[in-house]
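Listed after this line are the structures, all set down as structure tokens.
Next come two complexes, and both contain chain A; in the first it sits with chain B, in the second with chain C.
Showing the complex of A and B:
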């Protein structure tokens, strides 16, 4: 496997993605969504006080990305993480193009690695676009006032911005975990609806389980819990235990998902 | 003798209880148009898939230009010992290997991304092959010109006909400057003019030294185009050799004869050597004879006052042999025979090494 080969496959995948309407719609929604939310907060008289940073959302623009972050953890991140990853392998089945792709100068390993790179790149891009859009929307629509963090301390705008950026960065590991899950389901089921839909269903099931009085070991293994690991960053002093745990769990999902996906592609007879 | 471009020996592939390929051998030499002939479901496409690395073989060896591609083999049994032996590890590693440079082809109807234009599809495939910017564009343009798709190059492939996709598949293969080209029924969806162009491209590639493996179920096409052929049936090779060798083995052509008096015509045939006549359900006679014997028979009918109302070739001689080899010979169709049924010398699989 060569880096050049992987990059060639990733380049091809990116070209395919940019030609698809779906990709543009998702990115446009990531840009427009936070602005719509911030505008709604601006015009309405009440704030969503039952959510983290909901009380501050009409006072500090930096609360907007954190409210969006909390909301997106429910199902938006699993969707964004799966929408490309869950379609990358199954789309080749849908169009019958595995034979076309695998009769070129690239090995299955390179093809798989290129697809993984593309899926992770898209997941990162959507998270980054949503984060930047949320911050910009908050600052432009609400203002750049100081933020009261989870300890009740007032953070300066610069300090708040760093905290917001770090909080959004912590979303990437579980997002990658869901991307790996989507790739695995895409390769295994050869069906895009399953590749995209099942990770989202899994995310909702995990969140439901979080409310159930089940074994704690299972609760510790829930990938969706990792989306809330940023809380420790916005306290004084900060604590990182949940973040380390979340990253570890995400890594397990990531490695297991990709390993299974690759083995399925590697051992598969194409065209039958 | 020049090293074969392709040497596949003992290729076997099993799907569950069904043996799709049984120890198939296929050897194609540079400059040779090699026909891979067989009825639908004979194993042609499976063999091509195996050779292109799309499916794993259960046994056999493959060499392209003398270089082993055993890579595509699956060890039949995963014992700890075999699993960690050097040979097994090599096999596992190369199984997923890319198709070597200079080897190209397609199986079934070529598939492309329907939301992209033909040109964009080819550009992406060239990119996969490692071609960069200007060179890629030049090669794509040349390939499109070769297969006559320039006028449709910027239209989304989703609106292409099957024939156009087949031509685009050939263009995609040409991008790799093939020295060994696998074409799976490349003219099956083409109009006669386009089919002629594709055959011309294959001929030109062979003239330039490439080995072309041309899969088809059409004996006439292979007979016209190829110099060597391998016939497969039910996953087994039933003939392999030059077309000239096959011609020598071929029985007489079969003609359909309509006369004013079939009974008398049958009677006259029974007294002649080299002529076999059987009545059919189509109110006609089926005549197996070489050209000289057939001429003599028709003249004899005229001399006997029997009018020949029509005489048309029903099965060409090689086609007749092909049908025998693949178990679809006349004997199985069951026409009413007025003369003793000829001994079927070709019932048993015939393999010319």
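Showing the complex of A and C:
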């Protein structure tokens, strides 16, 4: 497996993605969504008090990205993480293009690595776009006032911005976990609806479990619990226990998902 | 993995899962007391009163779970805060808490002793009453 080979596959996948309407719609929604939310918060008098930082959303623009973060954890991040990963392998089945692809000079391993790289790249891109758009929307529409954090302390705009950026960065490990699940399901079911839909359904089921006061150990093994690991970053003094745990859990999902996906692809008899 | 392997996993999960919940009275009390003190400090400066340190309010919290059966776990809690007001008067306030499994809580005051959802600042503006309802998080692992 050569790096050049992997990059060549990723390059082809990226050019296919940029030509798709789906990709553009998703990225446009990531840009426009936070602005629509911030504008709605500005005109209406009731605040979304059921979400963390919902009460502060009309006082500090830095609360906007945190409310978006809390809301997106429900189903938006699983959708963003699997919308490309869940389609990358099964699209080759849909169009019957595995045979043409694998007769090229790229090995199966390179094809797989290139697809993984593309899926992870797209997941990171959507999270980054949503993060930047939320911060910009908050600051432009609401203002850059000081933020009251989760321990009741007032944070200066600069300090708040650092916290917001770190909080959004913690979303990447579980998002990659969902991308790996989507790739696995895409390779296993050879069906894009299952590749994209099943990780989202799984995420919703995990969320439901978090509402029930079931065994704590089981709850901590759920990938969606990792989306809440940022709370410790916005308290004073900060705590990182949940963050370390969330990253470990995400890594397990990531490695297991990709290993199964690769094994299925490697052992597949393509061309009959 | 056969039936025995599955049984071993289920037993392990059940054994760990039935242990005490990390959401306990001391943990909630030690989270809400400094958070409340910090919020009083912010509120006072927003109202245009002379600033004070958070430790000046000497907040002490005691919390109990409202559901019967277990005295730990997520759900509804009540915390009584005993503290010293900005004029050094002794105050007691009770908050109803909803604590979620991830260690985040929403506290809403019982009664109107500290004002409604909004209060008037010294210059006549309406400001959000930070002490009417607030939220916070604490470590559960």
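By definition in this document, the second predicted complex is superposed on the first by the 267 of 272 C-alpha atoms of A that agree within 3 Å, B and C clash if a C-alpha of one lies under 4 Å from a C-alpha of the other, contacts with A are read in each partner's own complex, and residues count from 1 in each chain.
Simple rule for what comes next: contacts are C-beta pairs under 8 Å (C-beta built on N, C-alpha and C of every residue); 3 or more make two chains touch, one makes a residue touch a chain.
It should be emphasised that the depicted structure is a prediction, and the values quoted were computed from it without experimental measurement.
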Partner chain in contact with A:270 - chain B first, chain C second, else both or neither: first
Partner chain in contact with A:10 - chain B first, chain C second, else both or neither: neither
Partner chain(s) touched by A:119 [first = chain B, second = chain C, both, neither]: neither
First (chain B), second (chain C), both or neither touched by A:108: first
Touching partner for A:19 - first (chain B), second (chain C), both, neither: first
Touching partner for A:225 - first (chain B), second (chain C), both, neither: second
First (chain B), second (chain C), both or neither touched by A:99: first
Touched partner set for A:154, first chain B, second chain C, both or neither: second
Doubly contacted residues of chain A, that is, touched by chain B and again by chain C: none
Partner chain A, residues of chain C touching it in the complex: 13-14, 16-19, 21-22, 31, 34-39, 42, 73-75, 100-104, 106, 128, 130, 133-141
Of chain A, residues touching chain C in the complex: 49, 52-53, 55, 59, 148, 150-154, 210-211, 213-220, 225, 228, 231-232, 234-236, 239, 241-242, 245
Footprint of chain A on chain B - complex, ascending: 15, 45, 49, 52-56, 95-99, 101, 104-108, 110-116, 120, 124-125, 127-130, 169, 172, 176
Of all residues in chain A, those that touch chain B in their complex: 4-5, 8-9, 11-12, 15-16, 19-20, 95-110, 266-267, 269-272
